[in-house]
Amino acid sequence: MKEYLENVRCVAPLIHNITNYVTANDVANVLLACGASPIMADEEAEVEEITAHCMGLNLNLGTLNQKKIPAMQKAGKMANKLGHVVVLDPVGVGASSFRKQTAEQLLKEVRFDAIRGNISEIKTLASLCGTQEKNSGNMAVSDTMDVEKITDKSDHCGKITGIDGSGRGVDADNADTVTEENLAQHISNAKMLSKKLQTIVAITGAIDLVTDGSSCYVIRNGNPQMGHVTGAGCQLSGILTAFLAANPENKLQAAAAAVCMMGYAGELAAEKSGQSGSGTYRVSLMDAVSCMDGDILERGARYEIR
Amino acid sequence: MKEYLENVRCVAPLIHNITNYVTANDVANVLLACGASPIMADEEAEVEEITAHCMGLNLNLGTLNQKKIPAMQKAGKMANKLGHVVVLDPVGVGASSFRKQTAEQLLKEVRFDAIRGNISEIKTLASLCGTQEKNSGNMAVSDTMDVEKITDKSDHCGKITGIDGSGRGVDADNADTVTEENLAQHISNAKMLSKKLQTIVAITGAIDLVTDGSSCYVIRNGNPQMGHVTGAGCQLSGILTAFLAANPENKLQAAAAAVCMMGYAGELAAEKSGQSGSGTYRVSLMDAVSCMDGDILERGARYEIR
Amino acid sequence: MKEYLENVRCVAPLIHNITNYVTANDVANVLLACGASPIMADEEAEVEEITAHCMGLNLNLGTLNQKKIPAMQKAGKMANKLGHVVVLDPVGVGASSFRKQTAEQLLKEVRFDAIRGNISEIKTLASLCGTQEKNSGNMAVSDTMDVEKITDKSDHCGKITGIDGSGRGVDADNADTVTEENLAQHISNAKMLSKKLQTIVAITGAIDLVTDGSSCYVIRNGNPQMGHVTGAGCQLSGILTAFLAANPENKLQAAAAAVCMMGYAGELAAEKSGQSGSGTYRVSLMDAVSCMDGDILERGARYEIR
């Protein structure tokens, strides 16, 4: 894990974020904290030019509005054209038809290197890509995916029994929680979701799963207090974009490292802030990211590959 | 007071916020801190669907723009239709005709369960509802109000001598400050404002008044440092929405409990942070809300009913 | 320096901010922390009325969008008409044609009392005002400038060799860094930029330069950790607006005092937070501004006038 963080701190990738106004400040600060550099810009008239200056693009569906949709599309296409890393965070995608339609459109028009969300969000996304013929030119299989395993593309993009996104708000359904008991089934599902979405998926929860459809990192870092502050997910998506941008040859591993880092920062923050409360916890979380180096991450990352 | 907070932590109501981008992060975090769950969404195309998933709706006029107006109207009407709690925070309503007109329109089209603001904001609001015939179907008297005391509705919605909103910015006029000396007059005025606005009003300041037009909670919690950070008012409006949503049978009492809680959190934060400065105070305020339980609130709440 | 801060705390100027959603919360809090009062409003329909209530206007190009442009123009013209202080923070102006064109338009239509940015941003701005005939009525020389030194206005607004903005993102180019070795050249350039832009410029970096084209304050306050949190620059632009608004007779000195204050707060925050990390540093920075008084600033300010 060590080298992926060190590459971020060394390369200092400039990351373009089209994100929500609730956690934009947190995302900007956490990008700085992990060694990257943020720029936030969501005006259609400038996003292509902005993203061209950057190494990665982070699209986040929180506080989505009509004006941001063409901005996301243009930025996404330009980033694809230039070979930049593009990450999608489908915040609350199950909460409205508007978000679902936007996500569906983005999945058709933009090739994502990774998608990060909770299990409900990822399942909702996957359910969207079976509704019509896929433009495979736009949804090319990502470098790190094992194409051989995708034997019947239309089938993978069709309805998969037992996979249906039902998250109402921005939180995952409890019924979907990954536990040690249902882990094997969830790993299998995560791989199917990754294949269906044709990209790396990072499904975060009590146990995090990061998979390219072939290998799956099962990550046991994290702390429940992360759910008591807003924006830990958005922050992780920002970090994830930076890790992929700085490690283009090892995207799956870099994605797993980003997830380990955020989770371990969450543990360190809990140790440091104790029972002080969610205000202090939030500050400690940012501290932990900014103080993390390769050695700390290497010692703290808890994962297995399945 | 104890049970109203405990109900919030037990019910964990999902609250839809159409709010300003200055304090949206604070509002989301404080909702999590008090045990509720936030979702921010202000796109007209999705607000009805979003608010239908929620238990309460919090409308905040800060950084108002044209696009948010139909979103507020649609969300408000849908929440009314579904019997959800709706709260208005008329941030800086006296600062522009645009905000005044928007507030006037909202008061006509949406039935609010509570309105929270400083005295200047509440007075400005009340002055708006006298300017034309009231659509009483849309502005039905809330459950907790004593209709018997409203003998002449048109009169209460007309000009009331001595009540005129003159707040220029987002702060209340000094001349309007509630003090022990002018308290009786202010209680009387607060009840009139509540009757005129046909909803619970929470007028926050050095002394807070929460009234349904009949009873008035006089609340002496709070700390002057709360005025040295932005967003304490917006946060309280979020908390207030959560308290009403989780306590639909006791809205006035729940509203008073929310105000006591925020005020007492402000006191605890001042004790904890001392003279550290406004950055630490802000963090401690969030900590205090997140650590508050029913017993702490019960012991700390300082109020009388008049 | 002492009196300029004391005037802010005494006058408590209301500052209107049309700013980005990434750091709007920080700007509001830092204005409160330095003794001013913030209002954020960017809807075209209300900005003239809002800014008329205020003493200063702070325009910030971060997260710029189409709708904010007429808002900035209207607010700027109204503030000019009323003799209010107007400050421009050209965040990432070199990052897109859209920002450049907007900045160019604003420079033509609005008279700024000060512009604050990093060296790349200021150079980009200056390059814009040579592209066409200047409307000297709108770009009148500010009070504190030495008009005698501007012998040929068209020449100063033309291309200046060696001055070209090339900042890609929101950070300054390293090649542009002001050091002790190239200081004399940078002071000379800063004065030229100020003359060209016909306003006070505050160029912030490792060494800050504040000049009206005649005198140049060379300020050695600050700490590298300020660059590890987002928004220190935006916060300074807010503070700068407040200092100018409260000290209209001594704009250059007040601008220098604002820069010293933010930089010294950055030093105090580094002492207090040590190696805790960027979350704690950010909180300590706000604490330091809120605890700063005239005496502390007087003792801590490190500057020379060249």
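Labels A, B and C are assigned to the chains in the order they are written; within every chain, residues are numbered from 1.
By our rule, a contact is a pair of C-beta atoms (placed from the backbone, for glycine too) under 8 Å apart; a residue touches a chain by one contact, two chains touch by 3 or more.
Note that the structure is a prediction, hence the values are computed from the model and not measured.
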item: Third chains touching both chain C and chain B; value: A
item: Copies chain A and chain C touch via same or different residues, half shared test; value: different
item: Between chain A and its twin chain B, rotation from the CA superposition, multiple of 5 degrees; value: 120
item: Distance between the centres, which are taken as Cα means, of chain C and chain A, whole angstrom; value: 36
item: Where chain A touches two or more other chains at once, by residue number; value: 21, 25, 282-283
item: Of all residues in chain A, those that touch chain B in their complex; value: 20-23, 25-26, 62-66, 92, 95-99, 168-171, 227-231, 275-280, 282-283
item: Touching residues on chain B, where the partner in the complex is chain A; value: 14, 21, 24-25, 28-29, 32-33, 37-43, 45-46, 49-50, 53-54, 67, 282-291
